[in-house]
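Same chain, two partners: chain A is paired with chain B first, then with chain C.
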Partner chain A sequence: MKALKRSSLTDIIGLGLIFGVAIFSLILLVAPSIIVLIISFDTRAYVSFPPEGFTLRWYGEVFQKSELVESMLNSLQVGLTVTVLCILLGVPTALACVRGRFRGTTALSVFVLVPHMVPGIVLGVAVLFAGALVGVSPSIWLQSVAITVFILAVMVRTVQSRLMRLDPALEEAAANLRATPFQSLRTVTFPLLMPAILAGSVFTFVEGIDNLSVAIFTHGFRDRPLPVELLALVQYTSTPLVAAVSGVQIVLAIVALIAVSLTIGLDNVND
Partner chain B sequence: MMQNAADNAATLSQAAPVLRIGAVDKYFGATQVLQNCTLDVGDGEIVTLLGPSGCGKTTLLRCIAGFWDADAGRIEIDGQDMTPVPVNRRPVGVVFQSYALFPHLTVARNVGYALRMRGTPASEIEARVTEALRTVSLEGFESRYPAQLSGGQQQRVAIARVLVMQPRVLLLDEPFNALDAKLRSTMQVELRQLIKQLGITSIFVTHDQEEALTMSDRIAVMRGGRIEQAATPDEIFDRPVSSYVADFVGTSNFWDAQAEAGQVTLPDGQSVETGLSGKVRVMSRPHNLRLAPEEQGPWRGVVLFQRHIGPLIEYHVEMPDGATIKVAAIRQDRVRPVRDRAAVSIGIIDSAQVSVFAD
Partner chain C sequence: MADVTSSPAISGPGLGEKTLDLLLSGRGIWPAVPSIIVLVVVAVIPFILLLSLGFSDIEVARGEIVSQTFSLNHLTNALSDSLYWTTFKRSLSLALSTTALCLLFGYPVAYLFAVGGRWTRRVILILTIAPLLTSGIVRTYAWLVILGGRGVVNWAFLKLGIVDSPLRIMNTHWAVLIGMVQIHLPVMILPLVAVMSRHDNRLIEASENLGASRLGTLRTIIFPMSAPGIGTGAALVFTLSYTTFVVPQLLGGGNYLNAATMIYEQVVFSLEWSKGSVTSLLLMVTCLAVLVMISLATNYFTGWTKGRDA
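Then we have the complex of A and B:
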């Protein structure tokens, strides 16, 4: 009993410490978003804290400014394009890296990671010049491709880690049970990879919408994505309009997270 | 040995073997993992590949299933060379060590999988799934998922899943490993009865010699990629061809001796015939030995301790040279209790049951 009591005392101190650190981290993570949300309702026409009143004026302005709405739609298109490209390229790449029976599977999985390690600005400039070299000017498509190159590693890694934990005997069993290689992929491998593909999609979609460093060099002159539009807005205006745009994004992010947790579950995203 | 040859000839003359493994070699890089493996398996026969890990038993099984290609030799099923036949067209069913049940499919869909892949009509699939589940006594489990089943039930689903496609050869890769000891022995007997009743030719891989003795019509003991001996459990147990086989299957006592003029003198004074000469190794099973009071024989030692194994008592007798000889006796045959540290002599009950090996 004595030993138990002593250990439970240290347990309480330890738990308290962990709890304290956790609360502190949570505040650190959430506080900026909350402050932005608060500012977005301020009545004053400049950014300041704490607010002096409550108004929905800035949210109204967000949806009245056509360039903001257009940039949101542009970013949505980029997000979707990037996600589709990442699924089409990333899933086969992950399969090749894990199940491939050729030399260089390790080299391939490292190679995919390289663009993600390069600073986004460097990649953006590189894609801009490379595009110019082959006669492709900046556009919503060039931007989508550039961000795909940048974020592909995340999809590959997510699917790869799931694939590595799948029992290889499952695919052998499918083959033994008369499945052709394609049938085995369709009926066994893909359904079991689905949670990882969805999780990867969440990350690539968010990156497609939110990326600034790559987008700033590759976006089309007439098709400005939201982050680029926001940057300009911050530079030339000082109203809480920017905060309201962020508010819209935060709400959308929360809606997306709830949707994911209700469909595939957040646990599946983590693994 | 003569009788073994005659037995083999008898099985062969009855019918052509279902599975013929002919001189199969397999390399992983520069390492040879299968060496001239040759084995015929008759219709409805259960043959066990037995050996320690790394002996090549699973490799051979995977070559038969078609997951790996043999580098030399042939594997035939019903006289047809399997070399050009891809995995999904071989008439074999594999029960994996992990069972490899599809976790996202219900029991019914797991069992019906092979039929769906083949494009069997839905009504027929349902009937055959029901029948397969009845065969393994799992009616009513159709809509469960594998994670909701016990280990033993999962094993039966894995068996039903391959039975449904009526394979010519059933391959079982250590199917009892995932089960606890008590369930294991029940399932062994049940599975043997089921396979025998269905009459499916089966290859069974295990490293557990007791499991092999329970399950098999014949056992192929493997060593370093070769089949060292393939014979009935009786034959393997009573007439092992090498000290390796004797040591791997059952408990055994070994000692060194000299063979002269076709005779080996046994330590208790008897002698046994042999074709060997010079230095030999002699082996006797513990149940072929008996204890006697010290003054009755020349082969003397001291009882170290006694192990009670169900109806048997195993005496560990320390010899003057430090070696330990194990002697087994049926509990009720024991004349009087033997005390630990008692001086005893050991006698060989039947000298014809003693094996003599060159190594």
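Then we have the complex of A and C:
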């Protein structure tokens, strides 16, 4: 028990150090975004700190560049497709994993996780090669399906963990009241699963929009998604245009964050 | 629920309804069948093909494979190529140091979350989740602005008189490491915070009531209980930083090669698909090996805590 002896000086120094690092880390998380926001209003055509002057010119250019707008729309489509597919495939799978009365429920849960454990870049290469072998060339659909397979595990896991914490008595009560399994699923289980499905959707949607590792190998030549377009833009543009794109994203992220905290609550996202 | 009395369940369901109910109740494997089919077609079969490509000589013409014969050439070539060894060693050390630094910077945040009140917790959650909602490329771009020749760091250093001429930070190993740690920090913090919020706070109170110092409580109560979170966070950060090519590509300049950028060049630019397959397989195998070690270590420490409880 001597390790538990109270020693206030080391306590103060140690805690001071820990809290100091914690605050540094928290600043580190947001400072880069704030600096990018500041740069995005600079009047000069090159990136330099501190900025001189204020202009909205770069934000205007973001929406005038047709390939950028197109890539945003492409990514939006991918994000929505991935989310819908993940809900349609993932929710029933989670149900089978938790409620299933067959041998191999554990094996099923593990199997669903495997594509997510494999590095995205490896999955991307594999899907590209397999597609080439059967004559399916990269396209927005191949990209959507590949990302769905990559991120499906997150939806399954989120719904699964919620399902495991549901009180079985609720469904039993429904069964005792002579509800068919479908009725009890629709009126009891589903509404209780809604927060988990929404939280999972946030992740799958963001992944659909943001994924680069899978997308870079599977996207169509003509419909480039936003991350691929951005990667090229960052490498070959020296104006604050990219900062303005970042600014748009940061604003959208804040809106999304507020929406999430008002609807499902931040605690439910991270579970 | 109003239509319960009129439901067919009372009169005894027919075979079709029984199947439907079994399907919907989720007690059979049926609800998972669509997923299984999709995963087999889009993940399992492609992986087998990747494996077969890595172990064969192929000819590619206009994006399609024309001939394929079995050979171990690509694997032996890769293993005898010193470029592979240096590249994989670089990737591994970069990913491991990123993971260690993320833990070093992330754990204090999680501790602050564990001992903090409602508002502290909310601020931590917002600051951690917000960056994950913006693109990784955007977050990497921020470091171009910060570390560049006319960036924030050089501006501050020149102003403070620490240096006379701008430092060259971009396109170095340090730029890549700094970017890696900051970009993956939220991924480390989130699992830690999740574990902390499941803690019973009365354990911390009890420990302090029994006369333990704050640091003693951290070491003997909080730290062992958060071992699973550390394992999850480390596994996530390692996988992501070991297999990313955005950060090395943008902050390391064109000549900073890690395993991921190597695969990208082989597949997209030089169209050496067999080589790319072998590199992908090596990346996957080494990544899984480290993940297994992380999970063994986590189990060891978690088991140790449980053993002490008994």
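In the analysis below, the second predicted complex is superposed on the first by the 248 of 271 C-alpha atoms of A that agree within 3 Å, B and C clash if a C-alpha of one lies under 4 Å from a C-alpha of the other, contacts with A are read in each partner's own complex, and residues count from 1 in each chain.
Keep in mind that, in the parts below, contacts are C-beta pairs under 8 Å (C-beta built on N, C-alpha and C of every residue); 3 or more make two chains touch, one makes a residue touch a chain.
Nothing here was measured: the structure is a model prediction, and the numbers come from that model.
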Between chain B and chain C, whom does A:Arg178 touch in the aligned arrangement: first, second, both, or neither? both
In the overlaid three-chain picture, which partner chain does A:Val47 touch, first (chain B) or second (chain C), both, or neither? second
Touching A:Tyr236 in the superposition: chain B (first), chain C (second), both, neither? neither
Contacts for A:Pro191 in the overlay, against chain B (first) and chain C (second): which applies, first, second, both or neither? first
Comparing chain B against chain C, which has contacts with more of the residues in chain A? C
Could you look at A:Pro115 and tell me whether it touches chain B, chain C, both or neither (first, second, both, neither)? second
Identify the partner contact of A:Phe221: answer first if only chain B is touched, second if only chain C is, both if each is, neither if none is. neither
Which holds for A:Leu170: it touches chain B only (first), chain C only (second), both, or neither? first
Show which residues of chain A both chain B and chain C reach, each in its own complex. 174, 177-180, 183, 187
List the residues on chain C that touch chain A in their complex, please. 1, 4-5, 7-10, 13, 17, 20-22, 24-32, 34-36, 38-39, 42-43, 45-47, 49-50, 53, 63-65, 104-106, 108-109, 111-112, 122-146, 148, 150-152, 155, 182, 185-186, 189-190, 193-194, 197, 207, 210-216, 218-220, 239, 242-246, 249-250, 260, 263-264, 267-268, 273, 276-277, 280-281, 283-284, 287-288, 291
Partner chain B, residues of chain A touching it in the complex: 167, 169-170, 172-180, 183, 187-188, 191-192
Parts of chain A lying in touch with chain C, wherever the complex brings them together: 3-8, 10-11, 14-15, 18-19, 21-22, 24-26, 28-30, 32-33, 35-36, 39, 46-50, 88-90, 92-93, 95-102, 104, 108, 111-112, 114-115, 117-123, 125-130, 132-133, 135, 137, 145-146, 148-149, 152, 156, 174, 177-183, 185, 187, 206, 209-210, 212-213, 216-217, 226-227, 230-231, 234-235, 242-243, 245-246, 249-250, 252-254, 256-257, 260-261, 266-267, 269-271
For a test of understanding, state which residues of chain B touch chain A in their complex under the given definition. 65, 67, 87-90, 92-94, 96-98, 100, 102-104, 113-114, 117-118, 161-162, 165
